[in-house]
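Attaching a single structure in C-alpha cells format; questions to follow.
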Amino acid sequence: MDLTVEEAAAELNKGFQTLEILQKDPAVPVWFIYLNRPAQRNALSLPFFSELPRALALLDRIPSARALVLSARGPHFCSGIDLSSLKSISSSSEDDRAAAAEELRRRILDLQSAITALERCRKPVVAAIQGACIGGGVDLVAACDIRCCEDKAYFAVKEVDVGLVADLGTLQRLPKIVGFGNAMDLALTGRKVSAGEAKAMGLVSRVFADPAKMDEGIFALAKELAAKPALALMGTKAVMMKSRDMAVEKGLDYVATWNAGMLRSRELEEAVLAKLQKRKPNFSKM
Amino acid sequence: MDLTVEEAAAELNKGFQTLEILQKDPAVPVWFIYLNRPAQRNALSLPFFSELPRALALLDRIPSARALVLSARGPHFCSGIDLSSLKSISSSSEDDRAAAAEELRRRILDLQSAITALERCRKPVVAAIQGACIGGGVDLVAACDIRCCEDKAYFAVKEVDVGLVADLGTLQRLPKIVGFGNAMDLALTGRKVSAGEAKAMGLVSRVFADPAKMDEGIFALAKELAAKPALALMGTKAVMMKSRDMAVEKGLDYVATWNAGMLRSRELEEAVLAKLQKRKPNFSKM
Amino acid sequence: MDLTVEEAAAELNKGFQTLEILQKDPAVPVWFIYLNRPAQRNALSLPFFSELPRALALLDRIPSARALVLSARGPHFCSGIDLSSLKSISSSSEDDRAAAAEELRRRILDLQSAITALERCRKPVVAAIQGACIGGGVDLVAACDIRCCEDKAYFAVKEVDVGLVADLGTLQRLPKIVGFGNAMDLALTGRKVSAGEAKAMGLVSRVFADPAKMDEGIFALAKELAAKPALALMGTKAVMMKSRDMAVEKGLDYVATWNAGMLRSRELEEAVLAKLQKRKPNFSKM
Amino acid sequence: MDLTVEEAAAELNKGFQTLEILQKDPAVPVWFIYLNRPAQRNALSLPFFSELPRALALLDRIPSARALVLSARGPHFCSGIDLSSLKSISSSSEDDRAAAAEELRRRILDLQSAITALERCRKPVVAAIQGACIGGGVDLVAACDIRCCEDKAYFAVKEVDVGLVADLGTLQRLPKIVGFGNAMDLALTGRKVSAGEAKAMGLVSRVFADPAKMDEGIFALAKELAAKPALALMGTKAVMMKSRDMAVEKGLDYVATWNAGMLRSRELEEAVLAKLQKRKPNFSKM
Amino acid sequence: MDLTVEEAAAELNKGFQTLEILQKDPAVPVWFIYLNRPAQRNALSLPFFSELPRALALLDRIPSARALVLSARGPHFCSGIDLSSLKSISSSSEDDRAAAAEELRRRILDLQSAITALERCRKPVVAAIQGACIGGGVDLVAACDIRCCEDKAYFAVKEVDVGLVADLGTLQRLPKIVGFGNAMDLALTGRKVSAGEAKAMGLVSRVFADPAKMDEGIFALAKELAAKPALALMGTKAVMMKSRDMAVEKGLDYVATWNAGMLRSRELEEAVLAKLQKRKPNFSKM
Amino acid sequence: MDLTVEEAAAELNKGFQTLEILQKDPAVPVWFIYLNRPAQRNALSLPFFSELPRALALLDRIPSARALVLSARGPHFCSGIDLSSLKSISSSSEDDRAAAAEELRRRILDLQSAITALERCRKPVVAAIQGACIGGGVDLVAACDIRCCEDKAYFAVKEVDVGLVADLGTLQRLPKIVGFGNAMDLALTGRKVSAGEAKAMGLVSRVFADPAKMDEGIFALAKELAAKPALALMGTKAVMMKSRDMAVEKGLDYVATWNAGMLRSRELEEAVLAKLQKRKPNFSKM
C-alpha cells in the first residue's frame, strides 16, 4: 500500500463498517480506533479482520497520527469472535476433509495476521478497555503495546468453553505478559479476571476509576506519547518486538545495529538544549 | 504402553508404593494422585520417579479421568528429593570418574523425564499444595498446569543449601512462571516464599484459607475442568506447551495447523445450542 | 587476564576512577562495588565501561570475594549514561556516514559487553539501589542477579525522552524480569516506577525502609550468600543464565550435563552431616 | 486478496510490465512466469518487486496452475538489481540521516518480502536459468523450490563488488543450500560459478545441455509435478519451509500435527488402487 | 527399561518378528540389526515400530555391543512404510473427525519416536543399504549416524506420489544432510537417486562395488568403530546431536560443559602411551 | 584493546612465540599469519591460544590489513592440539573433582574463544592448508572464512582416537560446512579426507596443484579481496555470521537493519562510475 499522505487520509475518511476512526483534536496527533458494533458487543466479525489491518496501514502513513488508541463503543470492549463468522468458515467445502482443513488453516493464518498488524504498526497502540473483554478480545489487546482498563472491566480467555483452542495469539502472547502459570490458569479455566487482578499480574498497566476517567487518562497518556521523539519511540517498539523471540545476546547485537544507523543526534541535542533552556523540547515528526 | 481402558484401570488398581491414586466420586471424572509417604514428608525417592510417569500414562488412557489433581498426604506437600536416593547414584562406579559422570547424566535425564511426564500428560493437572514445598517439590509443581495452595504453605528452592544445582526443572520453568528476577532470587538465596508472596509473583494462582478449604476448592475447580470440552482443553494445554519455546510467529502457525485438523465443530455447536436453550452443554469425552 | 590471586588483589588496590571497591570486613567474604561519581549522580562515563568489567574479572579471581554488592555513593544510584560520552561517539568521523555507523555499532557492542560482564561473573551480584535509577542505570541493574532498593528509590527507562532507543540491555532483559507488557509500558512512556510498584512487578525482590536499613539488610543477605556452597551457587547462576535463552528441554539436558561433572558430593555430605550435628556447615571456597 | 478464480484469471490477463505470464498448453496445469526485460538483461526494477508477489498470489488462486516455472526472456536470466531503482531509494530525504535510514530499512523489508513470496506460494516453483544469474538474480532463485540451469549458465553473488551487502536473501538462504563454506566463499569473492560447479555444490539440481533442452526438460518436470497429488505436494513444501528454522524435534511435531488434519486418505487409496489396476492415478486438484 | 546386562541379553535372544539381531563374531563387539521381512521388501509394519526402539534399548545395555549396523535381508533395503499399517490408523474412529485427528497425531508421534531411537542410542549406528531404499526407508537411514550403500542401491523420497507428506523425519533431517535445495528437489519430485549421486550430495559417505563388498567393508568399519574409546565415541555422537539444533556459541558451551565432567584422562594417556610403545591402544568398554 | 594504528603496528612488530606475522608486500594490504612451530608440526600449544586472538585484534586495527591469510610454516599445516598443554590442564587441582571440572570448563571456553576470534575478526580470513590438518587443526580452519589447500593436503577429525570429544568447534561448525552426514562420519571414524574429497564435500573451496601454486593463488585471491569495498566485505562477513544461527526471516530483518545504516552510497557510485569509465574502482579503506 504505497499511498501519499493525502490519499491515505482520503481513504480513512471513507469510513469503515466495523470501526470508527477519528482524530479527536486536530491539534493533537493522536488517533482513535473504535470497535464500533456495540449492539453485538463488538464481536469480531469477518469484515473487522480486513478493516483493522487496512486502518493501521493508513494511519501508519499519516504524520498527524503519532500515537494510536484502540477503544470500543458501548459498555463492553469486546465479546470475542463472532461465532457466525466461524460458521461460514467451517461449513466450506465439507466434501473433502483434508482440503477443508488446509483452507481452514490459511483462513486462521489470515485472521492472525490481522491481529499481528497491531505489532507491525510502527506507532504505539494503547488499548482502553471497558466492560467485558472476552475470548478474541483478549487476543486483540494482547497484541497492543500498552493496556489500560477501567475498574469494572474484566477479562476471560473463554475459548475453551465453546470447544475452541484459542488461535488468534492469546496462547502465544499472554504467557510473556502475565507469566506462564497465570496464562495456563486463565486459558484452561476460562475464569473471569477483574481489573485489579489484571493489574497485579501485568495484564494491564493502569486501572482507571471509571470509563470517563479512563477516556481522560488515556487521552493524556496518548498525547504524552505523541510528544515524544517519534523515531526513538518507533525504534523502541520495533526493537522490543524483535528482541522478544531472540536470545538476549542476539537482541543486544540487533539494537546495536539498529542504533548504528538510526540514532538521531539532532533529537538528543534538542533534548539536552530544551533542558538547559527550561522549555519543552520540540521533536520532529516521524 | 498400548493398553486398553480396562487394562489401564486394572494396572491402576494394583496400587503404588509412593503414590495413592483414586477417583473420589465415580460420578465425577476427576482423579487424585497423592504423594503418599507422609512419614518422610513425601521426600521423592527413586521408586517415585518410575511410578509417577507410569501413573500418568495409565490415567491418560482412562476416559473417566478428565482432570487430575496432584496432592499429598500429611501436613507437608514435599520436602524435596530423598537424599538417600542421591547417595545411591553418586556412589556408583567411583572407579572411573568419566564413566560415572556419563551414568549420572543419564540418571538425571531419567529423573527429569519423570517430572516432564506431567507436561506430556494430555489432561490438565492441578497441584494442591499444603505445608512445605521444598527443593524437588518445587521442580514437581512447576511442571503442573495450575498451582493452588493453602494459606500456611510455603516454598523454597533449597538445593543450593545442600550443595546442589537444582536439576529437575526449577531453573528452567520457574523463570517463565515468576519472572527471571524473582526466580534468580529464589534459586540463589533458597529463601522461604509464603503463600501470599507466591500468589503475588504468579507461582500459585489461588490461595485457600486452610487445607480443608483447599480440598473443597480444588475438587470444585477440577470438576469444572472435567466438564469442559475435552479436546479443546487438551489442545489448549498442548499448544501452550509447544508455544512456550517458540517464537510468537511460529506458535501462531502451529496453532493454526492444530486447529485445521482438530477444531471440533460439534462442540462449538453444542456450546452455542446449550446457551440458547439455557442448559448445561454436554461435551464428549476425550 | 590470567593473574594470580595476589596480582589480582594488587590490581584492585590500585583503585579506580569511577568505582570504589572494598571488602568491608576482612572476616566476611563479601566485596562492595560502589559507583563513585556522586557529584554527577553516578552518570555512566566512558571510563566506567572499561573499569567495571576489569573490576569484575579481578574479583572473580579472589577467593575472599564470594558475593558481590553493586551499590552507589551519594543520594542517587545512577542518573543514566553520561551524555558527554555519547557526544564523543557521535561526533567521530562524520565525513563518512556508513563508516561512522559501523564504528558506532562496535562501540555500542563494547558498552553492552561491559554490562554483560555482570552476568558472566561467576559470583552472585546483588544490586542495592537508592534514590534515582534512570536510563543506563536500569540497564545496569537488569544485569545483576538480585535487585533490592530502599523505599524512596524510583526507576525510569528514560532513554526515549532524549531521543534514544535504549541499547545497553534494558529492552532485552526487562521483559523477562517484569513481563513483556510492563516492560513495553515502561520503555515507551519512560514513566517513574516507585519502589512499591517495582516490587509488585518483580523488578526488585526486596524493599527496605531507608538507605541505612538497606545497607544492613544487603550486607546480611550478601553474607548469607557468601556462606553457601560456592560451587553450587556459581552453578545455579550459570545454569539459569544459559537456560534463559534455551527451550526448556534443552535447558534440562544442559543442567544434567553440568551436574554430571560438577556435582560436589563432599558438600552434599557436609550439608547432611552439619544438619545431623546441629552445627553450621563449612563449605569450601570456590 | 480474496478473489474468485475468474477474477484472478482476469487480473492475470491484464498483463504485467516486467513479467510475462502464460499457460503454454491449456491441457497442462503448468504456468510460466518470465522475467521480461531482456534489453536490460532482466535487471530487477522497482515495478518487478510489486508485480512478482501479485502474480504469485493470483496464480495461487487458479486451479489450473499446479506447478509454476520461473524463467526469463533473452540470453540471460538476470543481471541483478536495477541500480537505478536503488538510486531512487538512497536519494530520498537526505536531510535527516536517521529518518532516511528508517525508511531505507522498510523499503528493503518490502523488497525482501517480494522475494519471499516465492516461498509463501503454496505451489512448487521451478527456476529455469540460462546465461548470467547475478546478484539479485541469485537472491531470486535461492527462494525457488527447485533450480535447474543450462550448461552455459553461471552464477555470481556480485553485490560486494559494487559496495553492497546482499540484502535480498542470498546470505540467509545460500548457506543452507550449498553449505556455509561455499556460501561464504561466493559472497566474499563474488566469483563466477559455472553450471557444473553449481550442480556439484547443490545450487542447482539439474544441468541441461542447452537452453532448448532445458525448456523441454523443465516443461516435462513441471508437468510431472502438476500430476502429483496437489495437497501432498503443497504440504511437503510448507512443512519443509517451516521445518527449516526449527529444531528437528519441533519439526517432527509440526508435521505430525499437519498430517493429523491434512492427510488425505482418498489420494492414498487412489494411489494404491491405480498401482493395482496398472493405470495412472487420478488425483484431485488443490 | 532398567535391566541388567544378562536380562537384556536374554531379552534379545527371544527374537523379534520383524528384525533379526545378532553378533556375528563373539570376539568382535559389533551387533547387526537386520530388517527381516524380505518377502515384503522390508516394508515397515506396525510391529517394527515397537521392536526397533526396544532392540536399541537392549543393545544399549550390552557392553559387547560397541557399534551397531542397521542392515536388511533380501535384495532391497526397504520399500517404505507398510500401507496396511497406515490403513488401520486412518480407519479408526471415523465418527469424530477431530478426535480421530488427535489420535492420528499421537500415533505419528509414536512412529517418529521409534525412528528417533536411532539418534538417542548412545552407540554409533551404521546403515548398510542395498537395492531400493524408498519412502520410510529414507526416514529410517536419515536417523542413522553413518550411511553406506552398494553400487546398485537407489533412494527415493516417494511419499508425495502416494498422496502423503513424509512424516517420519525425512523432511527435517535430509536438508541438514544433503542441503536444502537437494532435499526439496527429492521431496517434491520423488525421483530416484543413484548411489553415485547419493555420495555426491552427502547422503551416503561410502559406496561399495556390490553387496558382498559392502558386507565386508561395513564389518571392517564397524570393527574399527568398536575399537575406539567408547566414551569419546558416545560423547561425540551425543554432542553432535545436541549441537545440531543450537547456535554455534551455545554448542560450544555445551561441549565444554560435557568435557568438564566426561573427559577421560585415562584413555588419553593410554592413546599417547600406545603410540610411544608402537602397539594398539587398549580402551575401556563403555 | 583500544590502541592507535601506530601502537597496534608496534605491538605486531614485537613478534610472537608461536606465530609469524608479516605483510609480504607493503604495497599490498594483505597480511599473513603463519603457524610457526614446524618442528612440532605446528601443534597448538597454550601460548598459541593467547597469541592468536591478540594478533587478530591488532590486525583488525591496521588499515593496511584488508585481508588476512592463515597459513603454516613447514610441510604440515597443523597436527592438532599439543597434548602436553592438555596435560597441564587435567593435572590441576585433582584434589577436588568438581572444582577441577569447573576450572576445566572455563579453560575450554577460553581455548574456544581463541578460535572464535577468527569469526569475530571483521576482515576476511583465508586459510591456506598444506600437508596434514589434524584434530585441532580442523577446529581452526573451520572458523576461517575461506579454506583452500594443496593437492597433497589431508584432513582428519582425529580427536576420538585419543579418547577426546572434539571441543574447539569442529562438532558445531563442520556440519554446516560439509553437511551433517559427512560431519558425523568424519567425527566418528576419524578417517583421512583427501584434498579432492574435501573439495567435493565443501570443506575447501579450492585445491591447488602444489604448495608453491597455492602460495601464488592465495596471494592473488587475498589481493583481490583486499581491493574490494572494505565496508561491504566486512558487512557481508558479519551478516553471514549472525544469520548462521537465526531463522531466515530474522536474518532478513537483520541485514535490512544493517544496510539501513551502513549502506555506503559513495562506493556504489564509484563502482558504477568506474564501470562507465572502464577503470578499476578505487574504494575507501575500512
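Chains: A, B, C, D, E and F, in written order; residue numbering restarts at 1 for each.
Quick note on the criterion: a residue touches a chain if its C-beta (ideal position, glycine included) is under 8 Å from a C-beta of that chain, and two chains touch if they have at least 3 such contacts.
All values derive from a computational prediction rather than experimental measurement.
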item	value
Steps needed, at fewest, to go from chain B to chain E via touching chains	1
Each chain counted as touching chain B and chain F at once	A, C, D, E
Pair exhibiting more inter-chain C-beta contacts, C-F or A-F	C-F
Angle of rotation relating chain A to chain D [CA atoms, steps of 5 degrees]	180
Length of the line joining the C-alpha centres of chain A and chain C, rounded to whole Å	34
Junction residues of chain D, two or more chains touched	97, 101-102, 105, 173, 176, 178-179, 200, 231, 235, 244-247, 249, 253, 257-258, 260-266
List of chain E residues in touch with chain B within their complex	50, 96-99, 101-102, 105, 231, 234-235, 261-266, 284, 286
In the complex with chain B, residue positions of chain A that touch it	83, 86, 90, 101-102, 104-105, 108-109, 112, 116, 159-167, 169, 171-173, 175-176, 178-185, 187-190, 200-201, 244-245
Chain E contact footprint on chain C (complex, rising order)	242, 245-246, 250, 253-254, 257-258, 260-262
Complex interface listing, chain F residues touching chain D	124, 145-147, 173, 176-179, 200, 202-205, 221, 224-225, 228-229, 231-233, 235-237, 239-240, 243-244, 246-249, 251-253, 255-268, 270-272, 283
